[in-house]
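We just call them A, B, C and D in the order they show up, numbering each chain from 1.
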């Protein structure tokens, strides 16, 4: 069973490899008659582009997406939207020598073992470059969620290494992020992080980070028990992202040390709406949104491409040493911010359409 | 799109409500010709049964499962296996008064909002009772994985409140768990935990916990990039479990503070097999198993059914107070252990069959 | 990939074997809050019951269905509806001798070859008995379609052997069928057919037939291009029925000899609605309903269980002779009428919900 | 639920519109390590190209396909194969006037009603042009089936109007088709048909036809009961093709007039293999292949684009007259031959992989 798609009613299938002629996605199930602002989508894509800043991969990509189908005079037609992005800022030769050696921390060994063959240029299918079409598809979903339902999705870097943003969850505003080089909402600690990143870059090293995401104005009722829960689907989507090792919703792992009395979110009524007084559950209860902000965090490990000599094995089962060249991301969490937002948008729009299908009013 | 199923090739669809006449599951795609040991399956089911110990719900259930189809003279036929478990140890009257009031921390409000109607007896569809047929289906998968592939799955309580088992990941042996009242592999700290649980029980309170699961002897190659990754599917399955708020693989959230140099798992060769020297990645790289033990942790919040008076709202939008009666689980992580194992087995067998379908040798 | 389910949003998964303890279905995605008339559903089920008439299998089955989940105080809750029907009117011993021999025209050989094992009691999984839960699930769908959308589904026997009902498509009224022993809308030719069936029964022989089905008041717009077309899904569902060898929509195979001028359905306006003047296309164009009656026909071969001695082969690859005992259906088309209606209802409700999901108005 | 894909393990998702910049498909689940002969695939595509013959649409298309992903040094990698075909031989202006009027026999009205918007250039999404990427994907499947399993698929025009090829089913050899202008295996009657087509072309009229397809050397055991039957899936795929109104397997609708004695296929043993003496069932029993040739027929209606003045209605609900200009296919069955083969190949490979997944030997 192929695993190239996310979503059931709003469905995004991603194809391509890092160093192929192009990469892309097919977006199925988009509601028809929607006018999409292509400039806004391109802006989203620009946010994850490599080569625009220090601390990220130096690969030069224009990353202009094109839409090949599913639009008619600027509006969606309800038929598949085919997205394509050309690859160009790369050099295949760098990778020829890597073809026979498994880079530690990468998917080289597992792809080779699974398929008996692998595209080893730039990581091939396992490259984070594949997140570019996800961002485009997600930006479409996000626009529909925002314009039609008022849903706002915002992600940011919450922590890099041991340096955490000193803000309360949900306080990060998109304005403050605009000034940040690293999608970080705390100006003061950003200075510390920049120093850390600079040092790591000099060492050819890298570091992990946490991305936090909040979704506001989600209507209550999205999510399908038992195995299509909104939190389950968000977790599945995020854990599938490159370098992700953990996911938590609301207070997450902190809940372990709390008693029921401390942890329960009591209900009250505000302006006629039933809301919870606290939001430790992170906006989802029993797998279904409750209308409070959805809050989750995603843990990213340090990028495995480092310049230190490492022990490894080659395809012939021989021990080898490897030293990876070139500029790579110091902290993948930084560029993952728009990807996390995109995946959240895809999951939410998918669940919105699923919910409307089953629970809308039946009428001719 | 209904969300009642897990798995694509080995697929388990769960039906039922806490206080209906029965609950069950339909298991599709089971390999044919397999002899299943029904006693072993019943033993798994007994492990999650309520009413057998202190600290767990006092509901009295025999929990005998029956198989209504898909077996012929003791062997699987490749056709759907229908599992049914009768409900009997409950009293509907206790719940009539709860029908109009939303219990904090439960799914009452979200189900009601989503569907406009909800079965409020014992939590209805959102009850953890629905994990019983999951355990039966998972025990079938587990038997096949063990007998045919030698795969061993073992989960245990790693932490309750702030008391953590003083063992290294993977050291927990099933023998030591057999003696534990709480599926906990550290005898000394178990005493502390029992004291904590007793105190909480007296207070009508509850506490969170962490379940850790290790899977040994998984062949390398299971998992489908990009959106059917083995870790993504495990995360999605676990986050869909009642009361779960977090999931992490390998070193999980700890990876955030590590550099690439500290975090990468280098490769070596042992007895002709390519293995990693460390296993911080938890046995999965790029979404595909690498043959090392798969290790993940699941965070459970405290059970929300507590006896303290809590503020809430009713279906008419009026503020109310609620006080929940009866004996409930003090720490849901304890009984979740066999459920985590069952879900892991389902996900692994599903991926094994998917992998065999795509990547087996093509021949007539 | 298991193939036990039909539908994506309204999804019916069928389990069981002919001579197991029971058979059943799980219905997922049913809209919540719907009051279902269980007596009407039982009446549908009675229509396909064996043993009630001449010319059909003499197996005695009460065929009372039970609902084990998904209803609350008489209304659907939006969660899975588990249907169960007990098996009792059979004798396993008759079949023991058939276990090693492949009955011509049956699925004995193919199941055995596919799975390496088969339940040979009464055809096991391949028995038409499995259509009973389909009828129950379809009756639920049909009630929703009728009550909420005014959609009316009516099937009838159009032809048995070479004797065709002398009515125009769509003229068959449900009233006239009530008087028929064989679901046949032409009283005069029914006499001929009854004589034919009597003669075949004496000979231990059987005969083929055609079921025609019309669906009225379908809203225009149901069906998903390219591979989820309404006609494609109807064809797939019907071809999956036991003994079906052909499917045609509208004028079907007759269209082959017509020119475009003769075959096109021109449009006009009637009472403000755009309609086609003729309906050769059978109510579906480009895979999407156009609001005209949907008309299709399904060809059933003669039941393969006949009393004549037949040449065959056994599981050891030895040539054998076989003579099948007992009373069997003379013409399976007769009892297939409610099954065709049920499958049509399932496909239509599924597409209605899918359409509502994608193309409903987006609003909070 | 989008309907743009066919197959579950070997899955083809088709995107694009007739007059967009390009059309394409994403092929998921292809077995890895397979060397594909691109020239053979291009030859298949050439067979369905318009503009190469009389009697077919005069649209000039080069129809060169490109593969953008999923291949590495000429071999499949097991990851998605993205296929793209540029559109160029068209003139959008011809269609501007058609934007508001519904062409009889086309999907204009149903798309407009379903989505509220439609791409009216060349039929947009409903154009038979979308079969081009299907042919490419199918040619890949066909190559794998042939090279790895020896399965041979052959389709041909069996009948046009009332003129039928005087050959027995299965006698058509690919050699004889190579000489035919119309994929017709009977040289003598081809003359009659050519005269008919010429006359119809002069009249601006069109005609229906039947395509017959045989699949040889299919292993027994492919197909999934109950709702993933091989015949059900073939029927669903074919009924989804443009202009198709009927599908039959084996003797199809003829079976209606036969008794069980006349219709049953008895078994015998030939060279150690269990085979049926006759093949009225068309190679599938109980939804599963039995190893005999699979034979099915597909009925195509006359192309609805005719030059006669026709009555219709516009998007404003006003009655209109329409006269369609340009050269169009006289008989769509002719160019449908490679498409029928392609869809058959996709369905068969999908079922082969599904079967291997569930029923292969379990081993490490």
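Everything below uses one rule, namely that a contact is a pair of C-beta atoms (placed from the backbone, for glycine too) under 8 Å apart; a residue touches a chain by one contact, two chains touch by 3 or more.
Keep in mind it's a predicted model, so treat the numbers as computed, not measured.
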Sort the other chains by how far their Cα centres are from that of subunit B and give me the top one. D
Is the contact between subunit B and subunit C built from the same residue numbers on each copy (over half shared) or from different ones (under half shared)? same
Compute the distance, rounded to whole Å, between the mean C-alpha positions of subunit B and subunit C. 39
Round to the nearest whole Å and give the separation of the Cα centres of subunit A and subunit C. 45
Taking each chain's centre as the mean of its CA atoms, subunit A sits from subunit B at a distance in Å of 26
Could you check subunit A for residues that touch two or more other chains and list them? 1-2, 4-5, 8-9, 14, 29, 32, 78-79, 114-116, 125, 225, 354, 357-359
Subunit A contact footprint on subunit C (complex, rising order): 1, 8-9, 29, 31-32, 78-79, 144, 148-150, 219, 225, 352-354, 356-360, 362-364
Of all residues in subunit A, those that touch subunit D in their complex: 1-2, 4-5, 8-9, 11, 13-17, 20-24, 26, 28-29, 32-33, 66, 68-70, 72, 75-82, 84, 114-119, 124-125, 357
Which stretch or stretches of subunit A touch subunit B in the complex? 1-6, 8-9, 14, 102, 104-107, 109-111, 113-116, 125-126, 130, 159-162, 200, 205-210, 220-229, 231-240, 242, 244-253, 255-269, 272, 274, 276-277, 281-282, 284-291, 299-306, 308, 310-313, 317-319, 354-355, 357-359
